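The two complexes that follow have chain A in common; it is paired with chain B in the first and with chain C in the second.
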Partner chain A sequence: MIELISQNPILAALAALVGLAIVFGALLGFAAEKFKVEGDPIVEQIDELLPQTQCGQCGFPGCRPYAESIANGDEINKCPPGGQSTINAIASLLDIPAPELDAEHGEESEVKTVAYIREDECIGCTKCIQACPVDAIMGAAKFMHTVIADECTGCDLCVEPCPVDCIDMLPVEETIADWRWSIPAKPGLIATDKRGELANQPAKEDAA
Partner chain B sequence: MNKTWVTPGGVHPPENKHQSVTQGIGQLPIPEKLVIPLSQHIGAAAIPCVEVGQAVLKGQVIAKPAGVVSIPMHAPTSGTISAIEHRPIAHSSGMLAPCIEITSDAADTWIDHEGISDYEHISPAKLLEMVANAGISGMGGAGFPSAVKLNPGRQRPIDTLIINATECEPYITADDSAIRERAAEIVEGIKILSAILDHPHNIMIGIEDNKPEAIEALAPHVEGTGISVVVFPTKYPSGGEKQLIYILTGKELPSGKLPADIGMVCINIGTTYAIKRAIIDGEPLVSRVTTVTGDAVGIQRNYDTLIGTPVSHLLAHSEYDEQAGGRVVMGGPMMGFTLPSAEVPIVKTTNCILAPSYAEIPDDEPAQPCIRCGMCAEACPASLLPQQLFWYAQAEDHERLEAHNLFDCIECGACSYVCPSNIPLVQYYRAAKGEIRHAREEKVKADHARERFEFHKQRIEQAEREKEEKRAARREAALKAKANPPAAKSETKSEAKPSSSAADIIAAAQARAAAKQASPEDQQAKLERTIAAAEQRLKVAEEKLAEAIESNSDKQAVLSAAVENTRQKLEQSKTKLAELQA
Partner chain C sequence: MQEFAVILVSSILINNYVLVQFLGLCPFMGVSNKLESAIGMAAATTFVLTLTAMASYVVNALVLEPLGLIYLRTIAFILVIAAVVQFTKMFIEKTSPLLYRVLGVFLPLITTNCAVLGVALQNTSKDLNFMQSSLYGFGAGAGFSLVLIFFSAMRERLAAADVPVSFRGAAIAMITAGLMSLAFMGFSGLV
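Right, the complex of A and B next:
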């Protein structure tokens, strides 16, 4: 055997290569089985960045379907609740330029809202309960319903189905516990130019 | 002489401490109204346990702690509860917070209280309970409930107890004057702490060398007690917990860890006094030493102030000249904040009220662009890179901010102090910290919403599947019924009966309905009605059939079957009626 190989170097090389190919093939095959990743990891990562309001403003039934669609090449600017910060985060994840929010799907709102049912007007039709994507509404047929404010994502999907229009989207009030410092206002081009500031101020008020 | 270490960075702002220590600790007349905020500490706000109009005695519990990391509140003087409502408090937001207002009766009558003198023979758990019941939270500034801090658990034995008497911030002399006058009681308090913590090996009082009188006052009391007074050079901010630990022990507290994780506990000297009062005298924390200083007040000195005293009351008794200074700061010039109004009350963490004149602390110069001089990095006591943090805070780049250890920033203000461009750096860091904390909370909420959404989807799918299965089963049953000839009907029926519970229910319901209609008159009337209705239906059906025949519609077969059906029913009813009548 050894003689045969030493006499035919081509054969030896061939045997070695084939042998290596088999070994690595087996190794790769094993690794593919052993370290198999369920689902598409990029979908998971995009889904992590989306705000999970499940509001459907993007045109998909929930955040995950939109994440899947983005993974398949959809636009990333269809999420108004996430706003520009979500767009930026997804853009940096996918390494693409961040577009502006698509106004067609809605505007980014500064204030977070939660649904509130005017309880004495509720007729107990359960339509809002069926519409709620996160099961944040309590109630039963012909009984008053109420929103669990802590669970509400503010998607406003329950507002439309209500036959008596007793659901309001109320802004979440800021409390002393969640008050935050804000970034100081940026100084003008010449910070010491008080005159310019004074001259600008009335003009600003007029514009407002 | 203990060895001390030198912290990186730091600044030497003018101390301005001499003005307020020339006189001893003063007493103020009891204010007419006191306002006690329910949240003066880190942790959950206390829950009021009194009602408006109720009379209370000094030291009576007026609010109970809400959970473990919380403290009770006590009436600072005797009087009546006049309001429980939202009031402005000492908070940078200027927002209102729940408070209890007490109208004083000027008698200042104590509730019955009793301390214990032989604390050495009492279990640490009992002592801790007394500390917790006295409503003591850290009086150095952060306001962390002391009983929680002093209970690190068995897995974290404490071998070093550090008493923080540094008081490094300019103007403030509350601790200094307290030590001068109350050294014996403070040392007594330290001994109690030592008993609670199972006698740590090292007990050190850390004090800056700009308080020689206080050091002298402590010396006779610590002799032979094993407590060492460690004096080190004055530098701001040496009084930060991490900084003081490094100065005294040379150990650096790892990022995100508590001193207890490396076997240390750090307690403010004012807190030790409060603990002594709580254990030996049985008095809850109802007052503290507060410095009133600044050029805008005529009398600069320290007062033993009742918790809840409005700042305006302090200023009124200090010859405050509103014209001289525009603002009142709670805390010192480095870390303090301008009060939204002078009506806010003194709380357990208020060590200083600073009313500077315009000349003393001028208004902030406008910020100019960063020139990358690097002075902030030299001044930072936490060895951070303030200018990098500044850029990232502007860009709201949370990832990089965290990578640059933003959360190790103690917000001491040394960087802003040295900045030649007057950039309010600390405010950027505070804003960025707030943003990051908010983003973390949002993330938790989003994850929770995702979970709920997925569960919701799963539930809907399952319901849909079950419905589909039922439908399929019904369809199959119908097919089977059709396939079997009518002759075998009775057979299939008897077979199907035990399985189809729905049929049973219907039959039972019919039986019940029949039983209800016991009286023959009723039955007769009903039958008559049925007959009338059936006749009507038959007529309509026949008309329709005629129409269909005329127009040669393909519905003929269906309609004729319907007519036949109706006719049969009518005849059935008629026979029944005949039977009944017979």
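Right, the complex of A and C next:
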């Protein structure tokens, strides 16, 4: 064997390169198994920041497809339910400047809303059930429907298909569980205020 | 001990791969726009350089020389480098997905970074032993990191500087790199 190799240098060269390739291939195969990445971790992180309303206002079927699209370089300002705070969070995650919310996809609503079906008017057509992205509407054909308020994300998608217009978007009522102190108004003048604020303050009071 | 210090100083400053030997200029220009990505690239390249210096020494000493296949060095080393870069890519993709996104195409392009092949070939032509070659590889990586990070910090400042219109962008970057290279020539008499 050794004699054969020493007499045929081309065989030795072939054997050496093939051997090296096999060794490296085995190492890489082992590493690929060990460092396996499940899905795209960036998509997971973006998806966690999105509000999970699944409302489709961004033009994608849900939050996860939009997260995948952002990971592939789409604009991050297409999510009205998330609003500016979501845009800022994604921008800081991806280390890019935060744009304003794109008005084309809708406006950020001030209050969180929840869908409410006026049950005596409902004709049981199931159209709102098909429209709901999060399966928050219960009911069957020819039977009255109702909304599971805890599951409803307030996305408005069920209002449009209803043939008898019996769905209202009501603001979420405050309960003891989610009541919070309101954010304090801007404090009055303090000694370290900048000159501009000092100068502007009396003018504002005059106008009021 | 003193010998190791000499190798480090020589590979980092005197024979700096980028600014004195002009190897590995592609990532030097390509990834120096932002300081953070430059630091990531510097770390990845240092890792690759050190590993390839070790692996290519082993391949050279245990496979190529006993079989009398020294003429296969370039091909064998390219094989080593490609494997190490692929390994690094997997490692970074797992440990830091954000860095993986930022580096993008420049990560697999470390394979074609001529500094990496340069280190492997110079180690064999200088007849260094295992310890010396791995130190030489690490020193080359540290030197690359040093100038890449300096250069990207300068380019971040340059972005805000008032540069004449015709010199903006790549032109002023080239001039900066040239001036840095001139400065590094000053180290040539150090050892």
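In the analysis below, the second predicted complex is superposed on the first by the 156 of 208 C-alpha atoms of A that agree within 3 Å, B and C clash if a C-alpha of one lies under 4 Å from a C-alpha of the other, contacts with A are read in each partner's own complex, and residues count from 1 in each chain.
Quick note on the criterion: contacts are C-beta pairs under 8 Å (C-beta built on N, C-alpha and C of every residue); 3 or more make two chains touch, one makes a residue touch a chain.
Predicted, not measured: the structure shown is a model, and the values here were computed from it.
Visitor: For A:F24, decide between first (touching chain B), second (touching chain C), both and neither.
Guide: A:F24: touches chain C, not chain B.
Visitor: Which partner chains sit in contact with A:Q54 here, chain B, chain C, both or neither? Use first/second/both/neither.
Guide: The first partner, chain B, only.
Visitor: Looking at A:A140 after the superposition, I want to know if it touches chain B, chain C, both of them or none. Which is it: first, second, both, neither?
Guide: neither
Visitor: Quick one: classify A:I42 as touching chain B (first), chain C (second), both or neither.
Guide: second
Visitor: With the two structures laid over each other on chain A, which partner does A:A149 touch: chain B (first), chain C (second), both, or neither?
Guide: Touch status of A:A149: no partner.
Visitor: For A:L11, select first, second, both or neither according to whether it touches chain B, chain C, the two together, or no partner.
Guide: neither
Visitor: If you look only at chain A, which of its residues touch chain C in the complex?
Guide: 5, 9, 12-13, 16-17, 19-21, 24, 27-28, 31-32, 35-37, 40-42, 95
Visitor: Write out the stretch or stretches of chain B touching chain A in their complex.
Guide: Within the complex, chain B contacts chain A at residues 39, 89, 91-93, 95-97, 365-369, 393-394, 396, 424, 427-428, 430-435, 437-438, 442, 445-450, 452-457, 459.
Visitor: Touching residues of chain A toward chain B in the complex: what are they?
Guide: 47, 50-54, 62-64, 85, 132-136, 151, 153, 174-176, 178-184, 187, 191-192, 194
Visitor: Given the complex with chain A, which residues does chain C contribute to the contact?
Guide: 36, 59, 63-64, 67-69, 72, 75-76, 79-80, 82-83, 86-87, 90-91, 93-94, 97-98, 101-102
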